[in-house]
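Every chain is named by a letter (A, B, C, D and E) in the order it is written, and numbering of its residues begins at 1.
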C-alpha cells in the first residue's frame, strides 16, 4: 500500500510549508506556504482514506478545499488593504503593536 | 433526518436561516439600526428555541453533530453573549463608521461566527469540528479587520489570519494523523480504538497533540499565546470582546467534549501536556500583564492566564471538571463582557481608549462606568461577591478534588501575581484626575451618544449577572450539573 | 475601722484622678490642698486602721480585705485584696506619714512651677501605687504596685520634660528597673505554674511544704525575685539608674528615691522571706551584693560634686546595709534600718532641697559654703540627718539601726567575718562623706548668695523629720544599751527572728558596738581633717584631686555606666540603627525579580508575526518531542 | 506503480521546495501549480480520482488564479518587468517537472490498468452517497463557510468610495 | 435573623452614608455612627438576653441562624454567635466608632464614600466573626478587603499605592492558601460521607490522616498568620498602617488583625487537634520571634505610625503564643489581648493621626516638646504608651500576662524570651514619648489641642482600658465556655507525659512535683 509513503510525503510537504511560513517575509509567500500546509493535511487525509479504504478522507479533502477557497479570498482582501495602508507586504513591517 | 433531528438542530438551523435573511436584507436595503436589531432578534429567537430543542435531546444528528443539554447550555451562553456584544457594537459602530460605509455586514459576520460557535458546541466529528472551527475563525478574521482603513485593525487581522490558518493547518494535520491511525473520524470511536487496544500508537498521540496545539492556539494558551495581545489590542473592541468570550467558550465546549469522548485524560502524556500548558499559560499571562500600560493588552494577557486556570479545572477530569470548567467559562464570559464593555463604551472615534492614562481618575468623572470596570476586574481577580470568586473556587475545588496539588498551588501563586495588575488598573480608576485624562474624559462625556440605553442595559445586565452569580450561584450550578451529565453519558443514541 | 483599709490606697488615687482630670481648673492652693490632703487623710486613716489593728489582733496576725476578684478564670484567681500585717502596716505608716510631710514640703517647694497640678497628681499616684505594693495580698497586685511606682518614678524624674537629659535619666530609670521587673515576672510565672496560686501567703506555705531547702526551683525563683528587688532598690548590678534619677525635683528624690520606692526591694525580700529561706545560697548572694553596693556607693559618694548625687549614692549605700541585713537573715534589722533611713534620708533630701531652693537651683557643693548663718533651720536639721546617717552613737536613730545590722552580721551563722569588716569600713565612709557635705555646704565662706530661709511649709517637715531621725532609734535598743525590743516584738509575727551564732557572748557584742562607734566617729573626724574649711588638706582636695583619672572613675560610680554603655547600649543602638526589616527587603527583592522577569518576557512580544509563527512551530515540536516520542 | 508514486512524490517535493525558495511571486505560483498537479496525480494513485480532479480544477484553477490576480493587482505590470520575469530560469524548472508529470500520466493512460489502484466500487458514487448521506450537514456547513469568505473578501477587498475618487 | 441584622445594618447603611454626602458634610458621619451604635446595642442585646443553648456538640452558640445557600457544595448561610464572637463584634462596633471619630476632621474629601467603605468593611468583619460555615466565613473574609483597600488607596498618604498593593497581595496570598485548605476539608467530608460540607460542625469531627491534617493545618495557619500578622509574613503591616488614613489604620489594627486571631481560635486549633501539639512549638516560636522582632524594629523607627505598627506586630506575637499554648488560661489571655490591643492601638493611632493632621509629619525627629503645646494629646499618648508597654492595671497587661502565665507550663524557655519583649516595649514606648512629647519644643510646632469629641473618645477608651484592666471579668466570663471547649480536645489527645518540653526549667518542675506529697 502506498498510504504510508503518502503520509510521509504529506509530512515532508507540511514541513516545507512550515519552513516557508517562517522564512518568507512577504505575506503573499506566507499565504502560499500555508496553502502548502493545508494541502499536506489534505494529502494525509487522502492517505488515511486509502489506508482504510474509506471515502471519508476524500470527503474531508473536499471540505479542506472549501476552506482554502474561502480563506484565500478573505486573505487576499486583507492583503489588498494592507498594501493600500502600509504600502508594503513585508510581514515584519506590521509591528506597531507589541510589548 | 427525521423531525426529532430538526427539532434538536433547530437552534443551528434558525441561526443559519437568520444569517441568510440578514444577508438578503442587507442586499435589499442598508440600514444600520434595523440590521442591528434584526441580528439581535435573530440571536434572541434562536435562544428561544433552546428549550424546545432540549425536548429532543440528547440526540446525535447524523454522526456529525451531537445535540445534548450540554451543547444547548453552551449555545445559550454563546447566544446571550453575542446579544450583549451586538448591543454594545451598535453604538460603537455608529461612531466609528460615521464617515465610512458598509457597516451592516458586520452583523452578518457576527451571526456567522456565532453560527460557527454553535456548530462547535455540538461537534462530535472531525468534519463538524473543523468546519465550525473555520466558520468561527474566518468570520472573526474579517471582523477583526473590519475597520479596514485603520492600521491597527488591519495589522491585527493579518496576524490573526496567518496564525489562525497555521492553527487550522496544524489541527487538520493532527486530525489527519488521528484518522490515519484509527480509520474513523468521530471523537468517540477515535478514543475507543485506543481503549480497545490498550496501547497508544505514537502517530495517534502525535496527531492528538497537533489537534490540541490547534485548540491551544485558538484559546491562546502559552506558548501559543503570542497573537493574543496584538489581536486583542488591534481588533475593534466589541470584536475583542467576542474573541475573548464566544470564540473561547465555543472552543472550550469542544475541548471538553473531545477530552471526555476520546478519554484523553486517562493518558499520562496528555495529562502532563495539559499541566505544562496550564502552568506555562498562567505564568506567562500574569507575568506579561504585570506592568502592561494598555488596558486591552492587559486583559489579553490576563485571558491567557485565565485559560490556564480553566485547564487546571479541566485536568481534574470527570464530572467535577466539566462542571467547573463550564462554570468558569460562563463567569469568564460575563466578566470579560464587563471589562471590554466598559472599554467599548468609553472609546470614541479614532483610537480606542485603552491607555492607562485615559482611565486615570475615571471614578470621579464617570463613577458608574468605573464601578463597572472595577467590578469586572475584581471578578477577574476572584474576589467574593463577584462571579469570579465562585469560578475560582470551582477551579480550586476541581483541582483539589483530583489531588492536583502542584497545579492548585501554581494557580494560587499566579492569582496573587495577577492581583497586582488588576489592582494597578483599579488604583488608576481611583487616582487623581490628571490633565490628559481630564481632556479625554471631557471629550467622551461631551458626545451625545456616549451612553445610551442599549449600553446601559447591556452593561447593567452584565453587572447583575456578575453579582448574582457571585452571591447566589446555585440555580446556575444546578443547570450546569444537569447539562454536563449528558456529556458524560457517552452511550446515547448514536446513528 | 479595719474595713477602712481600702481607703488608704484609694484616697491618694482619688486625689490623683481629681488632679489629673480637673487639675487645669483648680487654683494653686486648691491643688496643694487636694495633693496634701489626700495623703494626709490617708495617713490619718492609717492611724485609725493601725489602732484598730492593734486592738483586734493583739498578736498582730494579719487582716485581709478583698474588694473584688480581679482575675477569676481558668484556674487563676487573683483578687484586688489587701493584706495587712505588722510588716505592711509599718510600710504603710512610713509611706503615708513621710509621704505627707514631703507633700507638705512640696506645696511650697514647687510653688513656682508650671506643672503644679501635674506634680501633685504624679505624687499622689505614686503614693497610691506604693501603698498598693505594700498592701497587696497577692503577687500580681504587688506587681501592679511595683510597676506603678516605676511609672511614677519615671514621670517624676522626667518631670521637667523640656530637658532632654532629664528625659534620658527617666527612661534609664524605667528601663533598668524594667529589666528587674521582667525577671520578677518570670518568677511569678514559675510560682503560678507550680502552685496555681499567686497569694503571697499561700505560695510561701506551699513552697515551704513542697520544696526542700536549697532545691533548684527555689533558688531559681529566689534569684529572679532578687533581680527584681535589685533593680528597684538600685543595688549592684542594676544600680546605675539611681544617681541619674536625681534629675527629678528634690521632694521626689526624697520620697521616691530615698524613703519609699527604692526600699521596695527590701520589702519584697522581707515579704518573701520564707522563699528566700529555702535558698540560703541566694541569701549569701544578697549579703555580698549588699556589701559590694554599700562600699561602691560610699566611695562614689565621697567624690561627688552634686549635693543630690552625694545623697543618691548614700541612699544606695544605706540600702546596701539593708540588703546585707536581709542576706544574713536579720529581717527585722533590715526593716529597722529602713525605718530610720526613711526618716533621716528624707530629712537630708528635704534639707538639701531647701539649700538648692535658696541658691537658685545650684547643686554643686563646690559653689556652696557658709550657709550655716543664712539657713539656720536647714543647717541644724541637715546636721541631725547627717549625724543619723553616720551613726553618731547613742543620740541618733542611725546608730541603733546600723549597729543592729552589724551585730547581726557579726553574729549570724551564715555570714563571714570579712563581710563584717567591709560593712564596718562602710560605716566609717558614711561618716566621712556625710560630714564632707556639712563642711562644704554650711561652713567656710559664702560662694553663692542664698535668698534666705524657706517658709513654714518647708520648715515644719524638716523639724518633724529631724525629731524622728533622732528618736525613732529608741524603738529598738540592744540589750547592752537599754534593751528595748519594741520593734522586733512588733515584727515578730510577720518576720522570723534572727538566728544567732551559738557561743556569741555579750562581751563580743560590746566590742562590736565599740568598733561601730569608733568607725563612725573616725569617719567624721577624718572628714573634719580633710574637708573642714581652713584645714590644710581641704584646699588641696578641692582643686586638683577631682581631675585625677582614678577619681573620675570613682566619681562615675566605678564606671558601670560606661561599661553598660559599651556592653549593651551601644550594641543595641547600632542594632536598631542598622536593622531595617530584613524580611521586608526579601519580599521587595522578590517583587523586583518578577518585574524584571516581566521586562524580559515582554521583549518576546515583538509584534513580528513570523516570530509568533516560529514560537508556534517550536512549541509544537517541543510538545511532540516531549510527549509523543 | 510504486515507482510512479515515488517519482511523483519527488516532483511534488521539488516543486514545493522551489515555491518556498523562489524570489519571484509569479514563478513561485507557477511551481505551486506544478506541485498541485503532481499532488493530484498522487491522489489518483491513492485511488481518489474525484479528489484528484477537484485538486486541479479548484486548487490549480480557481485558487491559484485568485493569487495571480492579487499579484497582478499589487504590482505595476510593466512590460519591462514582464520581460525580466520571462527568463529561461523561470520556465525551465516548472517545464521539466511538468514534463515528468506528463510522462507519468501518459504511462498511466497507456497502461490502462485503472482499477488496480482503486478499491472495487466506482469511488465517485461512494463519495457522492457519503456526501449527501451522513455528511449532508458537512456540506451545508461548508456552504456556510463560503459565506464569510465571500462577505469578508467583499468588505475588506474594496476601496472606500471616497478614496477611489 | 437577628444575626443577619448585625451584618446587614452596616452594609445597608453604607449606601445611605454615601448618598448622605449630598445632604450635609456631616450626614455620612452621623449615619455611620448611628449604624454602628445600633449594631453595638443589638449585639449587647443578643448577648445579654439569650439563654445559653448548646445547639451542636461543637460550640456553645448563644444564637444561631441556618439557611440554605449552595446545596451542591453543602454550603449554607450558617451564622452562630458565641461568647468569643460576641466580644469581638462589640469590639468591632466600638473600634468602628473610634475610627469614624478619628477621621472626623481628617477626611474632608469624598466623605460619603469614605464612610460607605468603612461600613462595608465593618459589615464584612462582623460577618467573619459570625459565620460558622467555612465558605461563608471565607466569603466575608474576602469581602472586608475591598473597602479596606479603597480606604487606603483613595484617602491614604504619599506612598499609598505601594502600601495598598502590599496589603492586598499579602492578605490575598494567605487567603487563597486558606481557601484551598477549606475546599480540601469539604471534599474530604465528601469522601467520608458522600456529600461535601463546609459546615463547621460537620468538619469538626472529620477523621483525617496525620499527614493530611498536617498540611491542612499548615495552610490554615498561613492564611491566618498573614492577617494577624506574624513574622515572617508581617511586612505588609508597617507600610499599610503608616500610609492608610487614620480611620482605616484604626480599623486595620484594631479589628482586622483580630480576624486572624479569631481564625486561629475558631478554626485552626479546633479543626486539627491531632497535629496541634506538633505545630504548637513552631507557632509559639513564631510568636516569640514576632514579639522580639517587632519590638526590635519598633525601637529602630523614627516614624511614629511605623513605630506603633511594629509594636502591633510585637503584641500580636502574644496572641500567637497564647493561641497555641494549649491551656485555657493562655487562650483567655489571647481573647483579652485581642480586646486590649484593639483599644490601645485604636487610641494610639487616633493620636498619631491627630499629630500627623496637625503637623503634617510623622517623623518624631521633627516633633518634640509637644507636652506643653497639646497637653491633652500628650497625656493620652502617655496613657496609651503605658498600655502598650503592658502596665498593670490596664487591659493589655491582663492579656499579656494571662498568656504568659498560661503558656509557661508548656514552653518555659519561650516565655522567658517573650518576657524580654516587655523590656523592649518599655524602650520603644518611652522612646516615642520622649522624642515626640518631651524634650525641647520646636518653635514652629503650635497647633490646637485635641477637640472635645476626640478627647472624649480617647478618654472613654482609656476608661475602658482601665476598667478591663481592673475588672476583666465581663470579657473573661463571656468567652470562658468557648475557650474551655477549645482546650478539651487538646487535653484529651495529649498524653500528660508529653506536656513538659525538654527545657531545663520544666524538668525541674516535674521532679519537684514528684516530691510533693
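Following the convention adopted for this analysis, contacts are C-beta pairs under 8 Å (C-beta built on N, C-alpha and C of every residue); 3 or more make two chains touch, one makes a residue touch a chain.
Here the structure is a predicted model, which means the values were calculated and not measured.
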| item | value |
| --- | --- |
| Neighbouring chains shared between chain A and chain E, ordered by label | B, C |
| Result of counting contacting C-beta pairs for B-D and A-C, higher pair | B-D |
| Innermost chain, where centres are averages of C-alpha coordinates | E |
| Interchain centroid distance [CA atoms averaged], chain B/chain E, Å | 43 |
| Approximate Å spacing (C-alpha centroids) for the pair chain C, chain D | 108 |
| Gap in Å, rounded to a whole number, between the CA centres of chain B and chain A | 25 |
| Rounded Å distance between chain D and chain E, as computed from the means of their C-alpha atoms | 76 |
| Where chain C touches two or more other chains, by residue | 602, 605, 607, 609, 613 |
| Shared-contact residues (touching 2 or more other chains) in chain D | 135, 138, 142, 145, 148-149, 152, 154-156 |
| Touching pairs among all chains present in the structure | A-B, A-C, A-D, B-C, B-D, B-E, C-E |
| In the complex, chain A residues that touch chain C | 18, 21-22, 25, 30, 91-92, 94-99 |
| Residues of chain E defined as touching chain C within the complex | 166, 231-232, 234-235, 238, 296-297, 299-300, 327-329, 331-332, 369, 371-372, 375, 379, 382, 386, 391-393, 398, 401-402, 404-406, 408-409, 412, 415-416, 419-420, 422-423, 426-427, 430-431, 434, 437-441, 470-473, 476-477, 480, 483-484, 505, 508-509, 512-513, 515-517 |
| Of all residues in chain A, those that touch chain B in their complex | 3, 7, 10, 14, 17, 21, 27, 30-31, 34, 37-38, 40-42, 44-45, 47-49, 51-52, 54, 56-57, 59-60, 63-64, 67, 70-71, 74-75, 77-79, 81-82, 85-86, 91, 94-99 |
| Residues of chain C defined as touching chain A within the complex | 602, 605-610, 613-614, 617 |
| Contact footprint of chain A on chain B as seen in their complex | 126-127, 130-131, 134, 138, 141-142, 145, 148-152, 154-159, 161-162, 165-166, 168-170, 172-173, 175-177, 179-180, 183, 185, 229-230, 233-234, 292, 297 |
